[in-house]
């Protein structure tokens, strides 16, 4: 099986995630879609690391995960704040540059 | 579905691991790829399309698990585990937690509020996907040049040695990033207290000023015949008080009321005790006439609901009419 | 080095502006006197400039040169030729009268909300002085960039003068007046900014071409002209034309040339008469002056190339402005359109590229300044009495206020360039200069003087003559001493220069010669030149006899 | 002697300055100051004249260079005076008649509170007129030219409270401005042709230039002359100019200013001589105006307008003569001088009549005045005889000479011109007789009480006289009669004086150059014809107005009469051809300026505003739409890279 299939799969997932980001209104779901995209990226990284036969790709993926974790922490915090201020988690409700 | 998938793959995993070590790819891996890949895509679609956030979260978790399996299949054992433990275990649970916090029942309405947003989104998605795929199509990658060399000393060790030598700076920076993120999160979620907290005294005074229910609420219907939580308790003078029933039951209208018979029975009971103690005439409570035959059949209507009693009363009234 | 006279002349009013603005809010009179004092002192310095200027000496005199922005080759270079000297004198001359005429214009301004530090009077006169300073600078600057800076900076105080201090006399009431004013101010600002920005592009372009032709870029007018003369600075035809257009556009907006004129009637109509004078008699002159000094000096070939178009535009301005002046109901707008017509004459004279035309144009700048000042200020006094700018609201004023009417008439006659008054000299020179190179244009332009008579006399007839309206009688005191003191000197000047213009031509002509040599043009020679033989060897009989027998 | 020339102009100028700037403090003595300075100027003129007589013909010209006026390169204009015989003639005429009319005005304007200013204007006029005739170059002449225009503007509109006066003044100035433009263009042409516009060089070298150029210059000069001298087609202002006070009409619009055109043509003789086409046009204009004015004069009932028509026609004679070239110049000037006398006299007489008649100007309301104002009658009568060319009076000589010259032009042209001039003489006799009869003879129509459908009473002095009911004709004060008498003398004897030994012609010859014209028929015949036609005209007038009683309200009259009453529709034509279209043009342009030119500007601004308004909508604050654009951008980038790889 050609290694490219993994990349194709990743691309597919990435696109789906992207579409989700654009379509969904619930901030948390949007966030999940972003995670999905990140994971897709990770998949490519790992696939490439196997293709090239060194671990740099995996290390990158590792960093991506960490960053994603950090991002999730902050992002969710923001969502919570947002929810507190306007009792909704819809990104469309946050259309003003003020609380 | 997820669980089934994972179990089905469980047998395969070491084979995949073997495969990963060899530069080629086994037919098993191919099969696994197609099956699990399909499921992963379905999961992703579910994430995007399901209305309830919880469902999408679960789908995402599934997809992640499957991805973790792919990692494993690609010889990234450490990352595979991390993916399952950290991502699916911690992060997704964090997501769910926040979801609960924010409110489970919030489901997106399918109506798109932004004009043309949906079509633009789909267009962008498809366009991007097509472009990516066409881009990848140009890539000339024939085969894996396996990882056995890199993983010879064990995947984790290899990663560690790279992390702490080659990527140590990045590692430290990322660590700092995490710390900052944690601090930032606490900072964000920290709610500034606007007014000073009330002392107990102040709370008491406030209550007095409001003038509503100064003493604590009475206990549930312990004086009632059947001491059930949905029956109002009687106050010392024998009148039932709704306040003894929990607010929830009251609001749901599941409170059972204490009928006159019950009161009567109580009165009769006391009468009998009074008789046994040989008291001449225990002044009847509630102006009830002493009616022995009714006292007798008190026993059998224990636990009947309001409805039954009402039905019987009506029957009695009809008899009275005849 | 000697005393920097030009810098002083420009700096003094600037200092005056600060001083005026610094006067405490309660001391209106003090502020006015400070402003007047400084303007008069500036006039003294300007006279000193004229005196120190030697017509037969260097082209640029009283020069100062210091490095300013080394990286862009921008230098602080000042210097005056005859033209600039005369115009600086004009500016400094007019300011005291403008201030004197505007004495009470800013008194009745109410703050929108109570404000302890409300000081409109101070601001008004301070900004006038600021404008003067900048105008003097732009006349004196021989560095293109330096000129550009002040050419643009002028807009700021002018914007506030127009938008903030219009006269309350408005047909549609105070509210509407405010709207109109701010509209006029914004229009003025945007128009001139647009022109200025296009010019900025050209200025930068100039730096680029100079830097790749002369080694390091320079804005120094003298240096560039010198280099051009020495032949080591040639511009590509298209480059030169583009740069020329960039400059010319800005100047054409400033010296309103049809069809870029529409800001002027609004600005002059809505602002108070003295500010209107400031616009048309002082600020706009920078535009025409810059055409003469920069367009012709820097881009002679391009100027020659553009001449036909410019001439046509100028002719259109002359007739168009005059005709619209005839059609106006509002006397300030009428004067504005008249000014457009006059600016047409000036541009015509400049681009006729004859020494008569250019001397005429220069004198025209001066004389038009004085005559318009006289006419506009008197009109302002009239308006301030009756509280209306509409010609129809007046009538028979002459009977009630003869002196006012008389001064108004003299101002009007000057505007229609009656011989004996200064503007006649300049207008005739411009016409002669134009005619000697472009006869048709000359004849068309001559039609302008007929229309001039029409609109001036129409206005005079409708406002001053006829039966006296009761209201006019009630509201028309004759000129007050202050007003007379403002107008009388102007009229005296008009008459003086009408009789002794050579006091100016002596200074202007050499400068014009230099310009002519810049554009490498010679006056067209007459077909049958006659040695101007004196009277006594002239025997009419011979002449006639010859005439008969041939 | 030269140095005195400046004084000629200086005195009245000083007077004007003092009287106009002096303010109220000179109110009391102002008018006498005016008279004094006019007189002083006349005295200086006389002194110079005597001095001039002392020299022989060729040394008589004087020249005074005051200062260089506008020196710009080859354009050299000086303020310099030249006093030769031609100028001298004008100087004497102007200062002489001017002084007389100053004196007359003292009485005439007695009751006007703005008398000081009136005299100031009169002095200003004298100064400008003298400048005009003394200038030694065309530019300085132009100054005087417009100066007299200004003075006439101020004086016509002197009673500014009358809208009619104000309008008339404006009209006069603007029509004149048209002529001035012609003069200006002529000067341009001279400058481009000769590089100078001083008389000496231009005229002495005129012939060097091509005939085309000279014709152009000549026509432009003629245009100027038409404006100033009220010749067709620029004559429309003269009739209205009668709105001014009568002395003004006498001085400016009869004796001096309106003749400036003749001076200009005569002065520029050298140019016209070399441009026969231009001369032809001049002659035609003169002939046409001659008849035009005469016809108008016949129809007017307003005495001053009738005289104005006559003035027009007489100047037509002069222009025609001047157009004839060297055979006519001298006679043109001669007729100009005599006309100056008798026409001024006539106007003063008319003024005196109006003065006595509550400023009634309608001749149909006069009649039989001869016994009420004998002096006026006599002086007016003498002027009348002079103008109709009664043998022996000044008009006879001058006009006869012109008619002869017209015939002498030769060829069919000569015959036509001769006929026209004769016809003119007849009509002149007719309308002047009409005026005479209507005014001084017949029954006293002013006694009849008629609903006054009158022309608006001309002068505010009306209030002074008019309190007590109907008019009480009375002789005017001495200050008015004396000038009339003097002028009457002039109009009687001047012609003869000039005629004796052709003294006047010889006097002018050095300047204007004289050739004897030889009429196809003998001079005696022409003279006879003149006299006969004159008598015919008189007879016709007597038949119509002497024998039959005259209706107070004018009959409707023939088509020609009605047209003539309206100046032969001149104003209607101007209105239709110039004024109306002009108004429409102006209105149109005002609209265009606000809507099109300014509209373009505002439109640009508005379009920018709209554009930014639309782009603003993209920034709607919705994260997801931003995300869309972001992903779109990403897609584009990828596409771009792919394309680059593909290429």
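Order as written gives the chain letters A, B, C and D; numbering starts at 1 within each chain.
Heads up, the rule we're going with is that a residue touches a chain if its C-beta (ideal position, glycine included) is under 8 Å from a C-beta of that chain, and two chains touch if they have at least 3 such contacts.
Quick caveat, the model's predicted, so the values are computed rather than measured.
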Interface with more contacting C-beta pairs, comparing C-D to A-D: C-D
Per mean C-alpha coordinates, the chain lying farthest from chain B is D
Find the geometric centre of each of chain C and chain D from their Cα atoms only, then give the gap between the two centres in Å, rounded to an integer. 36
As a quick test, compute the distance in whole Å between the mean CA positions of chain A and chain C. 68
When the C-alpha atoms of chain A and chain D are each averaged to a single point, how far apart are the two points in Å? 98
Whole-Å distance, chain A centre to chain B centre, using C-alpha means? 24
Junction residues of chain A, two or more chains touched: 18, 22-23, 25, 92
Multi-chain contact residues (two or more partners), chain D: 620, 622, 624, 628, 631
Note the residues in chain C that touch 2 or more other chains, in rising order. none
Every chain pair meeting the contact rule: A-B, A-D, B-D, C-D
Going by the contact rule at the top, pick out the chain C residues touching chain D in the complex. 187, 190-191, 258-259, 261-262, 320, 323-324, 326-328, 355-356, 359-360, 396, 398-399, 406, 413, 418-420, 424-425, 428-429, 431-432, 435-436, 439, 442-443, 446-447, 449-450, 453-454, 457-458, 461, 464-468, 499-502, 505, 509, 523-536, 538-548, 550
Quick one: in the complex, what on chain A touches chain D? 18, 21-23, 25, 91-92, 94-97
Quick one: which bits of chain D touch chain B in the complex? Just the residue numbers, please. 620, 622, 624-625, 628, 631-632, 634-635, 638-639, 641-642, 645
Name, in rising order, each residue of chain B that touches chain D in their complex. 114, 117, 120-121, 124-125, 127-128, 131-132, 134-135, 138
Provide the residue numbers of chain B that touch chain A in the complex, in ascending order. 20, 25, 29-30, 33, 37, 40-41, 44-45, 47-48, 53, 56-57, 60, 63-64, 67, 70-71, 74-76, 78-79, 82-83, 86-87, 90-91, 94-95, 98-99, 101-103, 106, 108, 112-114, 117-118, 120-122, 124-126, 128-129, 132-133, 136, 139, 141-147, 149-151, 155, 158-159, 162-163, 167, 170, 174, 177-178, 180-182, 184-186, 188-189, 191
